[in-house]
Amino acid sequence: MSMATPLVRIVMGSDSDLPVMKDAAAVLADFGIAYHMTVLSAHRTPARLIGYVQEGEASGTKVFIAAAGGAAHLAGVVAAHTTLPVIGVPILGKSTDGLDSLLSTVQMPPGVPVATVAINGAKNAGILAAQIIGATDPEVRKKIAKHKEKIAKDVLAKAQKLEEIGYEEYLKKHE
Amino acid sequence: MSMATPLVRIVMGSDSDLPVMKDAAAVLADFGIAYHMTVLSAHRTPARLIGYVQEGEASGTKVFIAAAGGAAHLAGVVAAHTTLPVIGVPILGKSTDGLDSLLSTVQMPPGVPVATVAINGAKNAGILAAQIIGATDPEVRKKIAKHKEKIAKDVLAKAQKLEEIGYEEYLKKHE
Amino acid sequence: MSMATPLVRIVMGSDSDLPVMKDAAAVLADFGIAYHMTVLSAHRTPARLIGYVQEGEASGTKVFIAAAGGAAHLAGVVAAHTTLPVIGVPILGKSTDGLDSLLSTVQMPPGVPVATVAINGAKNAGILAAQIIGATDPEVRKKIAKHKEKIAKDVLAKAQKLEEIGYEEYLKKHE
Amino acid sequence: MSMATPLVRIVMGSDSDLPVMKDAAAVLADFGIAYHMTVLSAHRTPARLIGYVQEGEASGTKVFIAAAGGAAHLAGVVAAHTTLPVIGVPILGKSTDGLDSLLSTVQMPPGVPVATVAINGAKNAGILAAQIIGATDPEVRKKIAKHKEKIAKDVLAKAQKLEEIGYEEYLKKHE
Amino acid sequence: MSMATPLVRIVMGSDSDLPVMKDAAAVLADFGIAYHMTVLSAHRTPARLIGYVQEGEASGTKVFIAAAGGAAHLAGVVAAHTTLPVIGVPILGKSTDGLDSLLSTVQMPPGVPVATVAINGAKNAGILAAQIIGATDPEVRKKIAKHKEKIAKDVLAKAQKLEEIGYEEYLKKHE
Amino acid sequence: MSMATPLVRIVMGSDSDLPVMKDAAAVLADFGIAYHMTVLSAHRTPARLIGYVQEGEASGTKVFIAAAGGAAHLAGVVAAHTTLPVIGVPILGKSTDGLDSLLSTVQMPPGVPVATVAINGAKNAGILAAQIIGATDPEVRKKIAKHKEKIAKDVLAKAQKLEEIGYEEYLKKHE
Amino acid sequence: MSMATPLVRIVMGSDSDLPVMKDAAAVLADFGIAYHMTVLSAHRTPARLIGYVQEGEASGTKVFIAAAGGAAHLAGVVAAHTTLPVIGVPILGKSTDGLDSLLSTVQMPPGVPVATVAINGAKNAGILAAQIIGATDPEVRKKIAKHKEKIAKDVLAKAQKLEEIGYEEYLKKHE
Amino acid sequence: MSMATPLVRIVMGSDSDLPVMKDAAAVLADFGIAYHMTVLSAHRTPARLIGYVQEGEASGTKVFIAAAGGAAHLAGVVAAHTTLPVIGVPILGKSTDGLDSLLSTVQMPPGVPVATVAINGAKNAGILAAQIIGATDPEVRKKIAKHKEKIAKDVLAKAQKLEEIGYEEYLKKHE
């Protein structure tokens, strides 16, 4: 957890989502954006969840990230209680191959949007939160631009290597 | 609305669900079970929804019926705030052919079940509510048994007619 | 198996469903609700299945739980032979990622509802059965309320721990 | 209905399936195969359905055709009560675009097959019934062969016409 | 391979389907029904496949069983070249969770039915073939009836055991 | 089009998306947020699309909204060329019931998120854009709060009316 | 039909596909590429279909286009009998929203590819055929380039108009 | 990588696609067709990707192969920048069982086709590229014909072996 006033609050429906959601925290830390992360359930701790959202609203949070699987109501319930942007991360479960989490996160009714990223797209949730903050913070935006350059360079380095050594060698080195 | 203390509370996320959900009300009225029906949204009126559930708990409600489409969180949010059984009706929307409503109603996490019926299955929601009440009320159960007999007779009457007049005649009479 | 008159009868289509369905039995045992559990198939032992349902009706059963996979007809066939509430548990199979079991359990025609829970949602089937009994039994309802508190506390304890030790430590301890 | 001992028994879950299922009857009539057709529900008239199957077994029926929509259990329940081949016709309903009917008809457990045809494939159900009878009846098989020739000729006639007059003219004539 | 004139011809699109399809052969052998089994592809060996079907027609085959995965055209191509009943077995592949194999086997156009069984439903394909033969062969039908009794007994034995020893013991013995 | 420097740029892949996307423009106009809206295709006018994104970046745009159907690449291509947040609106097409548009908008790879709203969720795209701007603009946030209150009041008014006049009257008035 | 030696052969499984497939013919005519178009079924006229493919191979055809719905085997059967590239057009049918046609066209086994375009993507099938011919014919490639420019200009003209007159006016003019 | 002017350019969105895509390269090498293969992302290296396509156009490339997973925009973006045929390979990802990759590759809008092969169908992408080149190069076409014969022989050899030794032996030898 970072110590500054958290600009982003990350909440997940179960601690079993943490191995996925840690990537959202990590990318925010990389960008130097203070965040707070916890576990709260729309169905098991609804009152505490609403409290958590209201504390965020009151203390300078700019963006919420909410992750859940199955009948994934968490992001929608957060969105119901705030005027801040809410990013939803559908978590892949054990049946329907992620369609349940995706559809119950993204198909929100008019008036209460959830900014949904890919199934298990925790890293992108962190980047999107940074982009939202970066829309009015040039420092953050510069960091996103650098990250964009970095991932481009990574691809180009792989391209160069593959072109140089051929795919047999490449596959050997990466197995 | 019936005047006795309502045993069943029917809530739907939008008044556009009413042409479907009226069938739940009608079947309860047929069974002589007092109900209350209203429109409340998990995302647009979350506080009022919780209040409605709590009023129900306090005033003798035995079963909730909750109907919603798309990212259908309504039944789940009701279930989060009560220990009474909650019946969910997934409402068919304009995309994904009902899978969104169905999956976001039925795929609830351990601890907070929603008794889900078919997509647009409002009549069955009413019957299920009656069955739940009937589990300890022999009068209601007798009425369900009669209804079961009636729908069986309807099928058998159709069978007899089809067998007597043949399908060409049958189709002419029912077009 | 509990010794008192069983209030809940749990039936599954195959003993391969037992590793999932044991959770329904366990939660009923936790709530002190007498149950009976067996294996019967809608397709392989239809006559015995009907007998089992009728014995239940005659001996004070309040709720049926039926679990099956694939073309999951079991809950529907139970529902055809009783006026009591029937809870359906779609069991995840080896293809279509659970959609077959879910759709063939939940999409029941008007007149014969099945209260469907999540794919492999055995624990919730047990809780829903308890909620149905609890609708008229304050003792059971108190136990459900306590269970609700317990799972809320569990979430809050995890939240506190995660907030205290951070996600790296948390993940290390739970791997 | 034909007057000879029916070799094929056609049963559908609702008379709303008749506009589809009449094609099965029509093709059997074309092939000169005696059939009997009725409406019976696995869920609403289970006892009468079993009786109908047993009467068929006792009176020389060779094949059953069973058609239903939604949680389509009809064909499976017929198959549970006979050693004769059972053809299932999944009927297209108002949600999930036919997947519910198809999956709950075809995904039968080991031991109890249902010979499933296409969604709304009533004509093919009739042809398949004829093929089953034709496997040991050369007269019927000759008729199927003729029908096969006829539909081939129809395609070839259309091909010739399209090639002669071009698609603009062809479309004008068939609108 | 059995030595008598084969009444059933089993063809699969790839030898990778054999671990599934061996169950069709085994059940036919159990019923004492002579069969022939081979590997032929609708796309890789189309001429040989047509020859195989025609040899079957000429030599007393009563039923074809065709199994394939992905764009599963095998059963349809067999059906295009025979007036005998064709049973299709959709084989589960590595993507779309079996929907590709199922839909491309079952959704046949009017005039050319394929009697489709469950995804990977090889055993049921064998039983269905026996049922088709049994429709006019009382000896085979008796064997199917015995098999039906046997699988019922198996279920009832499991039921008895589970009821006697409880689920904890049962699960221990079957792990 | 509003005259001030547009804070939001709305781009759609085809003018056939305009009947849906006009709702995004309308809600931004309601909130007094200047926007620019046009038609550009990722596949038919890729260079102009990139130019449009770069002009936006250079001239003070804070958020992009991109709407497309089918293989909906538009939002992803916009996101590839900016560090600003990009909202994707999947447009319902004529097949696969919206799944194609949804999946090709939301399932973005790590590094390049698209904030996806519901299928045809144009109004929510506008609100989400406002929320992103409102995260650092208290005036906009107040307007969103008012809008939230308004839609809550609308629901409550409907609830009151339905409770007062009953569903038969209500349905008559709204047909 | 054009009179020169046809470079492209278009075959569809039913004349009901013609209202879709005429667009493939029209685009080839626009590009000045001679084509031949007919109706032939993989299941109803398999021998004639093979003949048609072999005639094409022998007479200078460069590309086949095959269109079918449901269990769409047509393109696969064409591909089984030629070494030329085969383009498949999945035709939208009345159930499963096009998934059946798409999956049974595209999911071909190793060794026998079908170049699949979008559901009902007849125009793109024509363009793809032209691109294949254009790969070695600069004249055709120039025409494709011009077509690409034209559709880009169309989009840009719409963009300009929408930006000039605003969406209210634009929608009025296009209704 | 082959040394002659590459006729085929293979591009994949991530080096994690290489274990699948190596099969496209291998089959082209088998056919003696020079190719170039690299890693480039539509979202992470859009400018370099466009450059790669333009270099291909300028230097004699005849066909592009583009492979990507998830929101698979790569093939579409390549197609947007060339008049040459583009083959798309949808790569199986970790959710939605390949539907996301397939639909976002194949459902291209009119004017910009992508010749889509099966999910993970890399080998077929290579063969299709060869077929496109072979349409005007008799030497290549001969090689494709030989390959077609070879895979037919492989199937026939397996058929012979299975028929000779029976399935028990066959399965033992291939486990």
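For the reader, a short list of remarks on this structure follows.
Letters A, B, C, D, E, F, G and H mark the chains as written, and numbering starts fresh at 1 in each.
We adopt the following convention: contacts are C-beta pairs under 8 Å (C-beta built on N, C-alpha and C of every residue); 3 or more make two chains touch, one makes a residue touch a chain.
Bear in mind that the values here come from a model prediction, so they are computed numbers and not experimental data.
Fewest steps needed to get from chain C to chain F, stepping only to touching chains, is 2.
Contact with both chain E and chain F is made by G, H. Comparing the chain pairs A-F and B-F, the larger number of C-beta pairs in contact belongs to A-F.
Each chain gets one centre point, the mean of its Cα atoms, and the points for chain G and chain H are 20 Å apart. Mean C-alpha positions place chain B and chain D at a centre distance of 33 Å. Put simply, the C-alpha centre of chain C and that of chain G have 51 angstrom between them. The mean-CA centres of chain C and chain D are about 36 angstrom from one another, to the nearest whole unit. Among the residues of chain F, those in touch with two or more other chains are 14, 41, 44, 70-71, 95-97, 99, 102, 106-109, 111-112, 114, 118-119, 148, 151. Every pair of chains meeting the touch criterion is listed here: A-B, A-C, A-F, A-H, B-C, B-D, B-F, C-D, C-E, D-E, D-G, E-G, E-H, F-G, F-H, G-H. Those residues of chain A lying in contact with chain H across their complex are 92, 97-99, 102, 118-120, 148, 151-152, 154-156, 158-159, 162-163, 166-168, 170-171, 174. Those residues of chain C that touch chain B in the complex are listed here as 62-63, 83-85, 87, 102, 106-119, 121, 123-125, 127-128, 131-137, 141, 144-145, 147-148, 151.
Considering their complex, residues 13-14, 41-44, 46, 50, 69-73, 76-77, 79-81, 93, 95-96, 99-100, 103-109, 111-112, 114 of chain F touch chain H. Contact residues of chain A toward chain C in the complex are 1, 14-15, 18-19, 21-22, 25, 36-41, 44-45, 48, 70-71, 94-97.
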